[in-house]
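Take a look at the structures below.
You will see two complexes here that share chain A, one where it goes with chain B and one where it goes with chain C.
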Partner chain A sequence: MLRPLPLLTTLVLVGPVLFGLIGSILPASGLLMQSAETPFATALSWPGLPRALAISILSGVLSTLGALAVATLILAGWHGTRAFAVLERALSPLLAVPHAAAALGLAFLVSPSGWIFRIPANLLGWDRAPDLLILGDPWGLSLTAGLIAKETPFLLLMMLAAMGQADAGPRMAIARSLGQGRVAAWLKAVFPTIYAQVRLPVLVVLVFGMTNVDVAIILGPSTPTTLAVQVTRWMTDPDLAARAVAAAGGLILFAATLAVLALWWLGERAIGSVGRAWVWSGIGLPDRAARGVGLTLAGGSAAMVLAGLAALAVWSVAARWAFPDMLPEALTWRSWMRFGPDMAQTALTTLGLAVTATAVSLLLVIGCLEAEVRHGLSLGQRALWLLYLPLLVPQVTFLPGLQLLPLTLGIGPSIWLVLAGHIVFVLPYVFLSLQGPFRAWDGRLARVAAGLGTSQNRVLWRLRLPMLVSPVLTAVAVGMAVSIGQYLTTLLLGGGRVTTLVTEAVALSSGGDRRAIGVWGLGQAVAALLPFALALGVPAIVFRNRRGLRHV
Partner chain B sequence: MRFALTLLAALALPTLSPAQTQPDPADWPAVTAQADGQTVYWHAWGGSTATNDFIGWVADRAGEMGVDLRHVKLTDTADAVGVVVNELQAGVTEGGSVDMIWINGANFASMKRENLLFGPFAEQLPNWRYVDVDGKGVLTDFTVPTEGFESPWAMAQLVFVHDSARVETPPTSAAKLLEWAQANPGRFTYPQPPDFLGTTFLKQMLIELTDDPARLSEPVGDDYDDVTFILWDYLDQLQPLLWRQGRAYPESGPRQFQLINDGEVDIAISFSPGEATTAIGNFELPESVRTYVLDGGTIGNASFVAIPVNANAKAGAMVVADILLSPEAQARAQDPAVLGYGTVLDMAKLSPEDRAVFDALDLGIATLTPTQLGTALPEPHPTWATRLADDWVARYGVAD
Partner chain C sequence: MSDGLRFDDVAISRDERLLLAVDARIPPGEVLTLMGPSGSGKSTLLSLVMGDLPAAFRATGRVVLNGTDLTGLDVAARHVGILYQDPLLFPHLDVATNLAFGLPRGGRRADRRATVDAALADIGLAGFGARDPATLSGGQAARVALMRTLLSRPAALLLDEPFSKLDTGLRDQMRELVFGRARVARVPVLMVTHDEADAQAAGGQVIRLD
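This part shows the complex of A and B:
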């Protein structure tokens, strides 16, 4: 029964991407749309291209390096301490916060008229905000900072999920006994194993950083924008020929992504050999400084995002609130009365989609992994890359083409298509979250059980899955957060008819009504937060008397 | 591969309705009969919460006629155009997903040129008899004749919004604006073209500066550089005096209001004379905000709704278009507590009771009277908007 599952899963993932790519390549080469003559030449001659591409690459690479460094430092320096437990509790909810909401909160916080600048404004009596270019700086540094703050919790959670299998305790003990400091010991003895497990999530972060649209619109530069934002603009240009240019732009971005991925791979090699030399050299690290930097950066970014969310919460109940007041003149429930009922209804659709997409994905993923165990039907390393295609091919490259595919089959936009689209993106994340812990589960337990006469099904249900309940729930929470955050997928495959919390929030963000954004942003954050609360809470309760399974 | 396709197909229940007979706009009872029970997907910009609430109210009215009106909230009208184009490319000539679009200007011109619109229907709507056909310029849209392919529902006119607590005598011409900016650097900006409001600012300044505004009603020609030279010269002087020295711009009109409220700028522009009053009521602007127009007048145009040629619920869409033209809906749209949009109706054609409703409207503290607004200047031909926006992006939108 399990045998067809790996193939089916691969097809579900790869089919849409391939069709989407074809749907982009044809118009980009001037085949599908007659009105566009030379889409590639037009895209290449766009005067902002070098700069836009540079910002895309810069913000993608820097934000990935930054998020990886912060997550690593905090895990290396503080794992197992009380400070870490506090920080983990503060960071995990941030993962669930929708990108757009987090970015809008941050924007209010750091802009020259925002909360931070209002402190000196009140002390020094400014009645006008200083004219400083903080948001949307030409090199995308605020964009990079915002992405780091948002991606650190994701990588941290992924690394934590891998920790259970990393054998960190004994390795640390040996490294420490050889005179290594805490951070150096972790980096030398534990990090290589962890990185091997979270490598694909890191690459996904890299691709997302280079190609995201919603964060870049809010925090990124506008003269010019990142290439992904410009592609979206072309896609929505009144001049219909621009759609073909958008397809070409999407493919250029795709090529750049491939090049960066290749460079990253080379970088991994280089750092691998340098690191090996470092391990053998026995040279340590300034432990105290490294721990301090890690805690400051992680704590700082958590504090910023949380303060941004607090700002959104205050805006959602604010009456008149002008510069330089720290708080609104009065509080009112008017915004919640006005937008709340609509939001509750949309939240139901959103959660319904998220639960269904995650359930289907989880079934496929566990089926695949179990087929691997029972029948040796491994997807193999190359097929595995195909599996991550939907995450590694930029959404702006293949979604427009994907919108055309169902139409050619006579299928109009519908909630079922949106669900199918969500599965395409949720499945890889569930797979990413679960495969490491699932494969790393100690197979000797299964052999012992089989030796005692236990069937394979019983091993799965009574032994493997219960022991893996923590990573399974993490995978569910990640899957739901991904579904809840799907913007372009929902918009394009639903033809705009399927509204979820994120499509509403992004539609509102162009209008800049902070009160409405506050209500919708908080609603989305809460919707995505619940599964994470469960992922943390359930294992703690189930394993209250199983210390070794708690991994935390 | 085929398996994945089948799976996709199986997941997507057939949603396209069977082909229906084309409604005949002239036979209104048949239209309303066919509309009963239809679901109309109205693709309209969703960035303004006041507009969204008004569309919700229209949906209630439509419900009374048996039409289920759903607002598909767009960040950009061109998204809806794209959906129609994609569908037609894929051979979906009936039962398409877009039933009605809030549209004007370049989007209308391109849809009409490509034969993507259903019609003519507008002049057969029962409430068309109230429309101010001569005075409001609803028969052309950015100089392109509408010919019944779109139905008007609101009037817009460019107004300048200023915080009277910070600006005592607001600048009322292009030259005065530059002077004011020199005295108050960093306190003015405009939405970044190709945003329609930002592009409108460029057109307004071009009309102000050029010697021959009539030239703009014709399509762009070889004399483009000669006509627009004076505008670029002006903008080159203005740019370093803008908010953030012109290195960043607000992305939309409402975003500028936020900047005024945040104390970052003192003057903004709006395409809806009542928007500022509405925003004050929603706490989005300080109570000291007022509006004004330039000495030489400002650009005005009408907002329309159009029905794509492959719309699924054409009859339902016509019913909604007719509701939008009803005196009740028009008075509600003009009420600054709701929307503050100008009406497209001719007061002289209304019944005394309906006229009384309009007369009783309190336009609000920051809304100019029709007399103060003056006659709106005509929109240039749509080719100017496109060309100016492209040129602006090349000059100021890509840095270096």
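This part shows the complex of A and C:
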């Protein structure tokens, strides 16, 4: 019964990407949809294209370099210290905060009338917000900064997970005894191994940075915007012909992404040889300064995201709140009463999608992993690339096709299409999150049980899964957070008619109603964080009398 | 001033319980062997000299290397080399770059190359510079690890059960090489082991813990 699952999972991962690419290429070439004549030419002659491409590439590359640098510096300078433990605890929940919610919070914080500018305003007695273009600055710098703050925790936790394979403790001892400072020793002796392990996640961050839509709508420039946002505008244009142009735009962005990935690959080689020359030179680094910079940047970005969430929370309960007051004059539940009922309705749809997509993914993942145990069937050597495929091909490239191709077959956008789309993105994360603990489970227990006459199914249901309840719940929480964060999937595959917390929050971001943004942004963050709290809490209660199963 | 490695009334305790107390001097080129079963705390003495004693431990007394009190000094500034039972060559660097890792700064690139090549020839591995460390035999890797440490011109050498993973035949060879090199370089050596033969080969003072 398990045998077809690995193949089925492969189809779920690869099928939509291929299907979507074909569905984008055909209309972009003027086929499939009669209304459009020369979509590629139209997209290429859009006057904003060079600037939009430049901003996409700039914000993507800079945010990836930035997040990688901050995560690396903090690990190199502080791993194993108390400060690091504190920071790790602060950063982990940030991972679950959806991109849109984090971006909305940051927007509140850094806008000219936000908390940050209220500090000098109070000190210097300004009574009006400064006239500065910070949000949506023309070169996407606040977009880049927001992406760095949001992606640093992701890369940091990925790198932490890879530390086990890098033998970091003894290598650091050797390198430091050979006269290297802490940061230099880590960079020279440990980083290359870690980087090799987290290469795919880094590329995911790079592709996301170049092609994301939700963060760019909230923090990015508007005229012209990033190419990904422009593609989304074309896709949601009432004129159907614009959709073929959107497909073409998505493919242009895809080509740019591939070019940047190739350059990144060359950059990796170059850094490799620079690194070797550095080792030969024996030159170190100013250790104190490097550690200070690392702690400041990592602490700063964590503090920004947290303060942003706090700003959302305060605005959601603010009565009158004039510039430059640091806090509102009074607190009120009025905004929650006003938007609460609507939000509860939307939250139900959101959670329904998240639970269903996660349940389907979990079934496929456990089935695949169990098929590996029982029949030696696995997704093969290239499994990792397969898992990363939907994350490495830009969403704006294949999602338009995924809407357009079914449309020509008479299948319009619907919640079912949205659900299918969510599964494509939830599945890889559930798999990545569960595969390690599942494979690390002590197989001798299964053999002992088999010796006692236990069937394989019973071993799975009564032994393996109960013992793995903690990682399974974590995988569920990860899956739900991914689903709750899906903006473009929901928007495009739902044809604008499926509303979730994220589509609503992003839609509100262009308006000026800060209380509404506060309520919806916070609602989205809480919806994504709640499953994580449960994933931590439930095993602690269930296993309160089982010392061997704590901290699994 | 080079009077070796001195332990002035050093005592290490954990949770108010005394783990070990040492008062000794290791003259340059000689070996002090610390013997005891695992868990006796002998490795914590190495950590103290290295400067990475875990926070759970408390140390009193002074460790003095060639007249300099090591207390509070940064790990990288101590010039204390260490060899473990695994050679721990950096797997992402070739053999020559591993050796270059510990070379003190300065000198032209060509000179540094020449130093590394000479060091390779010295341990019978001429021409091995471009090799992946993973392709070396156990004995070859152990020699490269020793040479990597020596090239950094350590003021003291710590050995943490350094021969326990080698085949019996190789073990004698490696002991001879390590102790011989330390003697020539006039480096004081602190060795932690539970192998009686190691202590005999070292031929210096022995402290037994239990």
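Criterion: the second predicted complex is superposed on the first by the 388 of 552 C-alpha atoms of A that agree within 3 Å, B and C clash if a C-alpha of one lies under 4 Å from a C-alpha of the other, contacts with A are read in each partner's own complex, and residues count from 1 in each chain.
The rule is simple: a residue touches a chain if its C-beta (ideal position, glycine included) is under 8 Å from a C-beta of that chain, and two chains touch if they have at least 3 such contacts.
None of these values were measured; they are calculated from a predicted model.
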Examine A:Arg243 and indicate which partner it touches, taking first as chain B and second as chain C; both and neither are also allowed. first
With both structures fitted on chain A, tell me whether chain B or chain C touches more of chain A's residues. B
Touch test for A:Gly220: chain B only (first), chain C only (second), both, or neither? neither
Scan A:Asp167 for contacts with chain B and chain C and give back first, second, both or neither. second
Quick check for you: in the superposed arrangement, does A:Pro192 touch first (chain B), second (chain C), both or neither? second
Which partner does A:Trp416 reach: the first (chain B), the second (chain C), both, or neither? first
Quick check for you: in the superposed arrangement, does A:Arg514 touch first (chain B), second (chain C), both or neither? first
Looking at A:Arg320, would you say it contacts chain B, chain C, both, or neither? Reply first, second, both or neither. first
Can A:Pro471 be said to touch chain B (first), chain C (second), both, or neither? neither
Chain B versus chain C as contact partner of A:Gly179, first or second or both or neither: second
Name the residues of chain A shared by its contacts with chain B and its contacts with chain C. none
Quick check: in the complex, which residue numbers of chain A touch chain B? 8, 11-12, 14-16, 18, 32-33, 46-48, 51-52, 111-113, 127-129, 131-133, 135-136, 138, 217, 221-224, 233, 235-240, 243, 318-324, 338-339, 403-414, 416-417, 419-420, 491, 495-497, 499, 503-504, 506-508, 510-516
Where on chain C does chain A make contact in their complex? 50, 52, 74-76, 78-82, 84, 86, 88, 90-93, 97, 100-106, 109, 112, 148-149, 152, 154
Complex interface listing, chain A residues touching chain C: 167, 170-171, 173-182, 185, 188-189, 192-193, 196, 276, 279-284, 287
Touch list for chain B against partner chain A, complex: 1, 3-5, 7-9, 11-16, 41, 43, 46-49, 53, 70, 72-83, 85-87, 89-92, 95-98, 106-107, 110, 114, 166, 185-187, 192, 194, 243-245, 247-252, 254-255, 257-259, 261-264, 282-284, 286-287, 386, 393-394, 396-400
